[in-house]
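Consider the two complexes below, in which subunit A is the common component and subunit B and subunit C are the respective partners.
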Partner chain A sequence: MELRSYIIRRVLLLIPVLIGVTLFIFGITMLFPPAQRATLYVTNMRQLSDLPAIIQKYGLDKPFFVQYGTWLNQVLHGNLGWSRAISMPVAQAIPHLLPATLELAIFAVPLIVLVGIFLGTKAATHKDKPLDHGTRVVAILGWSLPSFWLGLVLMMIFYGYFSGLLPPGRLGVQMDILVDSAAFIRYTHINTIDAILNLNGPVLLDALRHLILPVMTLSVINMAFIMRLMRSSMLESLGKGYILTARAKGLAEKVVVNKHARRNALIPVITVSGYLFAGLASGAVITETIFSFKGIGWWAWQAAVMLDIPSVLAFALFTATLFVVINLLVDILYTRVDPRVRLGGAVQ
Partner chain B sequence: MEDLVRIRDLTVRFHTYEGVVYAIDDLDLDIRQGETLGIVGETGSGKTMTALAILRLIPYPGRIESGSIVFFDKGLRSELELLKLSEDKMRSIRGCKISMVFQEPGSALNPVYTIGDQISEVYLLHQRQELGRQAKRRIDSLLGNGGTLAASIKRPFWRWQSRLYNKIAEGSNPLEPRILSHIPLFRRLLWRLKDEAGLLTVSMLKDVEIPDPDRVAGRYPHELSGGMKQRAVIAMALACSPELLIADEPTTSLDVTIQAQMLELFRRIKADRGASVLFITHNLGVAAEVCDRVAVMYAGRLCEVAGVEEIFLHPMHPYTKALLEAVPMPGKELQTIPGALADAFNPPPGCRFHPRCPSAMPTCQHERPKLKEVAKDHMVACYLY
Partner chain C sequence: MSDWRFTARQLAKNPLSLTGVVIIAIFIIIAIFAPLIAPTPAGQLNSYMIPRDGYWAEPQPPSAAHILGTTQGQYDIFYGVVWGARSAFRVALVVMSITLLIGIVLGSLAGYFGGVLDEILMRITDIFLAFPWLILAMALVVVLGPGLKSVMIALIVVWWPSYARLIRGDILQVREEDYVEAARGLGASSGRVIIRHVLPNAIYPALIMASLDIGAVVLSAAALSFLGLGAPEGYADWGQMTQFAQNWIVGPLDNPLKYWYAVIIPGLFILFFVLGWNLLGDAFRDIFDPRLARR
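Here is the complex of A and B:
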């Protein structure tokens, strides 16, 4: 199948997925009285003082499907409701908060993938040697620590014990002011990237200082997982006949491992990493909350606590879209690595 | 005839958790120039390990414990003690002077690379200088013709390319192409090497009688039949015109008609190229068809070596006789060899075959029989002779 038509088909598939997800969550919100749900239709601060008018106008006492239709219509017109959690329209909240989460992902994902694959390969080629045992211990530790616990302990050590060495938040107070001043141009709202583009060293360092702990909390478990998967997959690959063929050709061991074994070993890792990255969204909720790293995940938690229904719905839409897009990317990557797999088909 | 490979006192053991496996025990074997030597024996007798020992590719936890394998390099007119070579030197022999075809064509090819890429790899590795020479020749012919504007604009680039490939052709690992080949984008500037390797690959595929070699070169292994894959593997092994081709049961996993074609191919290869072939099989019929001499192995030791007619007409070792009896023939009752295969962890002392041997004598139980030349060009390790 051609790549473009495949992508179009998969993106179209997103529509029923999103309808299903929203039907489900919208259904749950029906349990709350209309006054609680009225913020779904609020677009500015003033309307908050006259909720009965909203209830009247948008028919919040009508049957479920009528209400769902009305809401959907609003969403299609770009009105996602009012977020009480951060006191702004949801449609503005997403671009406001996404850069922080993206910043976490920019650091966490390469760390998970590249370091995981690198260490997994090394562990396999050094099977039963100290390096293998060492990475195994790290993996077991990484695995057995729940990420919220790891986050809290890291915070206790590096913020509490070392008095403020690695603080929570995205930037220190001073830098926060500097960043919002006219002297600093916000190209992307991703602090590290903006700092580099503004050639501002202090902001960059401060941003990195705030990133270390949340990135660690977010990556360690997943990295340990990829590493172990890569190790076993690599060991299996190294035992295959084509590896002996490659050695018998006279190839250097480095080429045998990095070219012939690794490409095959990556196949199962790619499959699994799709699920893993979709799962990062929930990891982000925990991490961002612990470190008050104000991104999408932090907002989702705030929203849940405050019964901020529009925000919760928006978060659900966001994660569902993310899941479908990541799976699409993984599927495409899969066909690039394994010629036996065709787009949209099974292994031949 | 002169020897190409001379194996002496070769001992290979596997140190496993359950104990030590005596895979090969004090093996002496010669492979002569231009001959096809067959190794036959039951499963586990050490045929594959003998071949892998020559390439020094015994898998972990196996180890070559002692012995010597001397390779007489025709090209260099020198003797090489393979077991003492550096790993780098050994690599330059593997796939070039000595190459191997493995039992399972299905698993011998890497599923994620095309057939062409996998064969080209051999040329790019062992014949870089030759490829560089070819590439330079091609660029020089480009430089020579055409006075168009486009040609005159490109000319400085071609001149530089010509110099670059000339450096590669002169060998000794020059700096400029070495740097280029390590930088991802610049590596492209060396694309002509790949192109030349691709041309050689296609002609090699044609040589092993693959129809439509241009298309097959772009195919992935799963798109080819078993016979095609085996031909591709053979093409890979023959790419650098090796002096010794080792074929480990190359026909076992193929169906009978393909098997016959493959044996024909091996006969032709040998006739065309004058290479020696070490042909491993447990099928005596196959050995009779392609081999000049046959070596019989049992439990990691050599029992008997002789010319193919001699061994089939006058087998001497009781194990060889038993093997021949076990070949199914029309109108003959099928004989099996009584007793079980020797235990690899606790091989019987003395002659390894004595628990199953109909002519065993008391000495056979504790004294190892030596390999002796009993008739002209006919060696046997047995106390009967």
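Here is the complex of A and C:
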């Protein structure tokens, strides 16, 4: 019962943030004079002489909140404008390109979380030993690396030096034709999953081959972040009284570390998984751009360099909404994992 | 004075922090002496523009005339990376100081006065923090028109909310201290209490965070330049020079690593610059924040 009212309250708190986000996005477009915004509706040159008529027709000279209402109404009906970057409506572009980005995330997230937690635990149990110093150096190096440069260097080695071993893109030309043919059913548009469902080995292998470098590029920085967080959280947990109790009971060190310390140390790591999403979303723009991995991050970059403002803003609105919702889910999950969190807000 | 000596001794004790100090010192020297290390050719008005030797596209390997070679469009790599150090410091200092200023002013107002003002400011930070950073920065740069100035404005917009919140939180704690109460009791104005008594005791965490964030600011600016949204073409900027190499990562079949210098060198400068700041920031955190240092 308590949890339900907590969820309802949190969802209600979400509304002002989302209104703020839409106001901000819309406010940015209002920085432009009406005539310039009217050009977005122009489809051929002759209409340029009719700008006043277009301003009149779409009410571009009306007061701010009237225009905001019109715009919000359009957005809520799924009309996010036209994307010049890939010549289709934004509302179609996002579902069209999202599977590629999801595919990257499906591989990157478990890699980041598992390796990060594993190395973070090891660093904490070997505090001030060579292993700890080693992971510290790796972590600092990891988040100092420009990911776009890392991607280029990886490609230079594995695409250039090893002549085409791990190529950019999502699939090779042959496989690309194959997956679009009638013989291959697109269940999800996520290549690896579709390949498994179609029991098609060559497509699976080719898809994996194209995934290795982007997934590595996307993972390095976030992995370093989770690793350091896990280390400090683990150290705090290891210093607690219940660890002393567990050791005093004569439990094996492995049980103490894995069962007692790590389980509690994981809680702070869960709370930052929202930030992990933000890191992945930003990283996806860079990674997909370098590897021509055509997902929504690649599309956002295309739109940005073409100064396709409606697409960039629609993308920002989409990721912000997703980010806010994910943070809400994380907070709710948190209450399930950590029973100490009292839903009223105060800690017991 | 003893504070400084204590800090210096702590820095020298840890080999990692010492490495950070040395790296940043080298970059400061490069930035200060850029006109001597890589003199601007006579007749060129803007020193930040990389001189070019011809207009053909293919990068040229290191030679006597261009000791690190030239990148796409015959821009001299050595000149670019040296003056790029100045650009990097400029972006870092401008973005960080304005971010801190905004964070301090808004954070103090919200934390000290509380109430409706606090509520409004915090809800505004919520809105900005709802965006993944690069995506917010990208959207702002596109709207403001690509260029370095837009990049700096965008990064300030991305970073200020975290600082406003951090400073607000610290002020909330400090304003309850007895000495603040005493100053108020003696009839000091709100402005005087904030500036003389509250801020000096609440600002350290923000300064530590700033030292930790400088690397990230430079990395973000470089990423935006790499995406083609930052520095104008030919400007001495490491991110852009990395982008120039994007078409040349794979050489001809018989020599796939032919253009390695164009790819590797600018990126190494970014990596070491950011690494230096991160090592330094990490050390500052250990020294000034004993609560974190124990971990």
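The rule we apply is simple: the second predicted complex is superposed on the first by the 290 of 348 C-alpha atoms of A that agree within 3 Å, B and C clash if a C-alpha of one lies under 4 Å from a C-alpha of the other, contacts with A are read in each partner's own complex, and residues count from 1 in each chain.
Throughout what follows, contacts are C-beta pairs under 8 Å (C-beta built on N, C-alpha and C of every residue); 3 or more make two chains touch, one makes a residue touch a chain.
Keep in mind it's a predicted model, so treat the numbers as computed, not measured.
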### Query
On subunit A, do subunit B and subunit C fit together or clash when superposed?
fit
### Query
Is A:P95 contacted by the first partner subunit B, the second partner subunit C, both or neither?
neither
### Query
Anyone got the angle at subunit A's C-alpha centre between subunit B and subunit C, nearest 10 degrees?
90
### Query
If you stack the two complexes on chain A, which partner ends up touching A:V337: first (subunit B), second (subunit C), both, or neither?
first
### Message
Once the two complexes are aligned on chain A, which partner has more residues of subunit A within touching range, subunit B or subunit C?
### Response
C
### Task
Applying the touch criterion given at the start, work out whether A:P130 contacts subunit B, subunit C, both or neither, answering first, second, both or neither.
neither
### Message
Just checking: does A:G20 make contact with subunit B only, subunit C only, both, or neither of them? Give me first, second, both or neither.
### Response
second
### Message
Output check: A:A300 vs subunit B and subunit C. Expected answer is one of first, second, both, neither. What do you get?
### Response
second
### Task
Mind working out whether A:T245 is in touch with subunit B, subunit C, both or neither, as first, second, both or neither?
first
### Task
For A:G78, decide between first (touching subunit B), second (touching subunit C), both and neither.
neither
### Summary
Once both structures are superposed, the least CA distance from subunit B to subunit C in Å comes to 14
### Message
On subunit A, which stretch or stretches are contacted by subunit B in one complex as well as by subunit C in the other?
### Response
none
### Message
Residue numbers of subunit C touching subunit A in their complex, please.
### Response
16, 123-124, 126-128, 130-136, 138-143, 146, 215, 219, 222-223, 226-229, 239, 242, 245-246, 249-251, 253, 256-257, 260, 263-264, 266-267, 270-271, 274-275, 278-279, 282, 292, 295
### Query
Can you list the residues on subunit A that touch subunit B in the complex?
240-242, 244-252, 260, 263-264, 337-340, 348
### Query
Which bits of subunit A are touching subunit C when the two form their complex?
16-17, 20-21, 23-25, 28-29, 31, 136-137, 140-141, 143-149, 152-153, 155-156, 159-161, 163, 231-232, 235-236, 277-279, 281-283, 285-286, 289-290, 300-301, 303-305, 307, 309, 312-313, 315-316, 319-320, 323-324
## Note on the structure
Per the touch rule above, subunit B residues touching subunit A in the complex are 55, 57, 59, 91-96, 99-100, 102, 104, 106-114, 121-122, 125-126, 220, 222, 233, 236
